[in-house]
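Consider the two complexes below, in which chain A is the common component and chain B and chain C are the respective partners.
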Partner chain A sequence: MIKKLPSAVIKNLIVVVTLSLVALQASANLFIEINRGNNNPTPIAIVPFAGANGLLEDIQAIVSDDLVRSGFFDSIPKADMLAFPKSQAEVVYRDWKMLGASFLLVGELTNLGDKYSVRYQLFDVLAQKPILNATVSGGSNGLRDIAHAISDAVYEKLTGIRGIFSTKMLYVQDLKRPSASRYRLVYADVDGARPRVLLSGSQPILSPSWSADGKRITYVSFETTRPAIYIMELATGRKTQMTNFKGLNGAPSFSPDGSRLALVLSKDGSPDIYVLDIASRALTRVTSDQYIDTEPNWSTDGNSVIFTSNRGGSVQIYQVNLQNGRPERLTFEGDYNARPRVSPDGKSLVMVHRSNGVFHIASQDIASGNMRILTETYLDESPSIAPNGAMLLYATQHNKRGVLGAVSMDAGVKFRLPSTEGDVREPAWAPYF
Partner chain B sequence: MIDKLSINALPITVSVLLHGLLIWVVVRTWGDMAPPPEFKQPEFVKATLVELKTKAPERKVAPAPQQKVDLDADKKLQAAKELERKAQEAAKTAEAKQQADAAAKKAQELKAAKEKAALETSKEKTQKEAQEKLKQEKLAADRKAAEDARKRQQESKEKALREEEMMVAELASEEAVNSFTAIFKDRIAQKWSRPPSARRGMTCELVIQLVPTGRIVAVNIVKSSGNEAFDRAAEQAVRAVEQIPEMRDLDIAIFEKNFRTIHLLFNPEDLRL
Partner chain C sequence: MKKTYSAIAFAAAFSLLTGCASNKNTDASNAAVVEPTVESTQSSTNTVVIDTTFYFEFDSADLTTAARSALMLHAEQLASNPRSIRLEGHADERGSREYNMALGERRANAVRDLLVLQGVNASSIETVSYGEEQAAEQGSSEMVWSKNRRVELK
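Let's turn to the complex of A and B:
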């Protein structure tokens, strides 16, 4: 009996080990591949921040609007919330899970007299753990900046893409009635809030665009009764007229290093592309032919200029190398592709594309030439890419008025910016400052 | 004494040599016999497998003749030995008679004859023994083959039964794996909301642990996509599924075998970018 026992034990052990090995082997074999998902927004609960009651701006609402407009989030209504925790100690994950929240944002605002400070925490409700813990502060008139900074941090944490909620834009507004300030160049938050008129006049303003560092803008104004190109320093508001040539002076675009402008002049006949050195005012002609060459935009390396031309019989986009002056056609789909803008990563182009007589915004992968139509509205024009490359702004028509629209680069998210008085057109999304 | 010795020197040498030869022969054959050269060629055993049913009943009869044969062999051996001894004795007496004559020639002739006789007897003996041995071995092998065949038959029967059972279980298991794989794919897809930074070609691998109620009790990323947001979205999709209630009705053995630990590969093929 004593002799038998160990052998029995060993036998059992062997059986157990063998079985577990078999089980291990079998379970290691079950491998499921998930190829599909959904494009539903992710539910996030943004709790009203403690200590933020009665302020001029509703931080919770601003953050919520920012995140919802990104298309990736769905905000859980305040009215559904069972509690308003302000820190991790007060968070009951189960409650938020029952509400369907995947993430939870809580925070507390402190009034420091001349400024505000907000400490906020982001939680993964399903994994039941905090994933972001930060503090942001701003001046007494900077509540919107604080809110956008929180939106940016949350967005970046959860999407892997830098947020654009704190960025700015320019656009041209036309009040459509004769007055001393009918045409305006407006500087605003990218959500349309806090518009500031940089320039106004009775004559048209066209083609605003940014320098890469966001410190200067360039535009075309008819204020001297004929079109001229200007550069304005944003900090001081100081304007410098750069061109005053006979004929067309248009579509200025800063080189990536900010030292040159690519522009269109018709002083020698048909419109051609030129490069102007800002410091020396030295002018270099890039194209010279009898066709219309216009809307220049720089490649990210600054070595070439991408422009629109009708030289091939239809309106298409070309790229010209500034060293050898040789142009190369980039677009082949359809009979009209114009107004190119290069994405911040330099990998794609956005443009105005006409198909079946309707103008859309389309993007094209430069390497493969694959084109995707991003918008479905009517008369879309002037695409301008966000500095994170994830979205673009464009001008479109709504109720017979010019308004601004935004669309994600995968075309999954589209929304219109709140309309203002008159027509709004030619948006220019600012770079990161 | 010395005279006698010298006179007897030749016959004694002959006798000693003869004995030595005999002992050598016996020892050698014995040595060969000690490890019975088993006929364990598998081909042979396999060949008899076909007749296993008819051979099985004969098994009882088999040992009896074997024992008889053994006895006979002993008897024969003894007889052979007896003969040997007698021959030796005869030789001795013959030698004694011829001692008086002490003719060297005769002695030499006798020696030659004796050697011849001894050689013949020993040859006969070894042949007989070898035959016996072969007979025995063949019998033993036959017996063993029959036994093995019987065992094999039983084993294969049991194995077939087991295999059938396993096949049925395997089928049930496979069916469960297929249907639950579909369930997993569907439920997770419903919950998997990809971040805008997700791109085709990004993959991440998760290992999840389940309990027999179908509840997912652990989620671990074993291979990151390199994109934290992408990884988190995959993990959240699994956590949002929480439980596969249908798994409660699953056979526990099938559960243990397939669903205790599952690898999930997130590989979006439906993205636009």
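Let's turn to the complex of A and C:
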């Protein structure tokens, strides 16, 4: 539920983040104090897993990359390690303490013919005791899944925050030259690995987003030479065209319960927000004015829609209650705030924000209205928040190419994803499946 | 031939507005004489080219003077030789993509509205916005952006 809370309680976003993490820590017996982004990452030694030599994927490297990219960890180089223990019996704590490791991860992979199994243990080096002991298994083509599962478990054990290393994303790729597959909708691991083209064509594809259960996606395609909204079922690849109105058909967004789409149509004159019931195709108009209303995104309770409008003379973000139709302006800083996305806990928004003519990604605490600029790259757009609320993906430009970037919600961690051919843009971070 | 002629006659008349207003009466009374003159102009210059791309300011759907002038000529041509046209609106890369989709539509609609005001049948005009999805030129400078904020008449 997004509503105004007494602002006296919370003075700024940093305080909010700190408070919520303290609360998480209190409830989960955590090991790392997270309130400074990556200013003080915790050193962890990730030992190459016994029996994992020569596999198609380097599990140790994947786990290390995952944890380092989270911003909370520093990975001790393999070359510095005095030994490669594979279980508690072989661990000499003093060695790891000398290397400055706070935590130690060891494990052993067993090849079971048609699948792999990895038993792993996490140690608190200073306390000299194991704190996690688990086994994960997967198919022979699932080594990356095994590695990400280990990263998720270690990250959650040490931070109290559910990991996002096993999650997926969508993005749009544009080869920037005429071709029957110039525009592509790509499904990939959130670290950019294992990209799979879901859809390609000579005409633009844009605005991909997920249903809350991760089973369907919705997007806009110009494949009929006009924009139309589609839903694709991921398991079958079946596409259903949902709209084909005169004018704009854009910015589709699944309601939290998956039964409706909020979308933009201009069939009645100017771009307005509508809600489409997916089963009955019944259409309800939400806004009706002469201004541009676009980019709807649902509040977490499904009772209201947050959208972009130029109704106030500048481009700003508004929230409209679907019961009474009453709009409320949410953003006031700067002359351009657009493409809102609500965080999973419903407490903050991320958006495209322009200040001094420059476009960046900003977050805003909804209760207090405090805004914070998170990025400092060029032409930033299309923020998409991770399902654990700790990080977001966005689109930016680097060396004259469209690339994806990531930034933690406290702005402490920033990195670019490995870029592929052409421009990539419009990342949509998948929910937990 | 008739189609080309009328476009040329209009273009000629348009240029006369600035310089040779005194010839107007002569045109009217000696139409038979004037016609071959125009025809010969056509054969020497081959065709009269009217701009089919109209440019806009940032975050604006207001038509420029140049766009208005060109659209008057198109309206005249379409009145004498009706055909279906498609107006494709575009935006530069700055700002969010769906907002730019809306902006591209505003631009296409501004062109459509002027044509309709000049007597072109509204049902013969299709408008579609591509937002920032199909840049005419690549790059990130004001020069490039100004080329991408456009409506193309097809």
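To be clear about the criterion, the second predicted complex is superposed on the first by the 395 of 433 C-alpha atoms of A that agree within 3 Å, B and C clash if a C-alpha of one lies under 4 Å from a C-alpha of the other, contacts with A are read in each partner's own complex, and residues count from 1 in each chain.
Please note the rule applied: a contact is a pair of C-beta atoms (placed from the backbone, for glycine too) under 8 Å apart; a residue touches a chain by one contact, two chains touch by 3 or more.
As the structure is a prediction and not an experimental result, all values here were calculated from the model.
J.: According to the stated criteria, A:250 is in contact with first (chain B), second (chain C), both, or neither; which is it?
T.: second
J.: First (chain B), second (chain C), both or neither: which does A:390 touch?
T.: first
J.: Look at A:313 in the shared chain and tell me whether it touches chain B only, chain C only, both, or neither; answer first, second, both or neither.
T.: neither
J.: Once chain A of both complexes is superposed, is A:72 in touch with chain B (first), chain C (second), both, or neither?
T.: So A:72 only meets chain B here.
J.: Which partner chains sit in contact with A:113 here, chain B, chain C, both or neither? Use first/second/both/neither.
T.: Touch status of A:113: no partner.
J.: Who does A:124 touch here: chain B (first), chain C (second), both, or neither?
T.: first
J.: Taking the complex as given, what residues does chain A use to touch chain C?
T.: It comes out as residues 176, 204, 206-207, 222, 225-227, 247-248, 250-251, 264, 266, 271, 292, 294-295, 308, 315, 336, 338-339, 352, 354, 359, 378-379, 381-382, 397, 400, 425-426.
J.: In the complex of these two chains, what residues of chain B are touching chain A?
T.: Per the stated touch rule, the residues are 177, 181, 184-185, 188-197, 219, 227-230, 232-237, 239-240, 256-273.
J.: Touching chain B in the complex: which residues of chain A?
T.: For this pair, the touching residues of chain A are 22-23, 26-28, 30-42, 70-72, 102, 124, 126-127, 131, 157-161, 372, 390, 408-412.
J.: For a test of understanding, state which residues of chain C touch chain A in their complex under the given definition.
T.: 59, 93-99, 101-103, 105-106, 127-131, 133-134, 138-140
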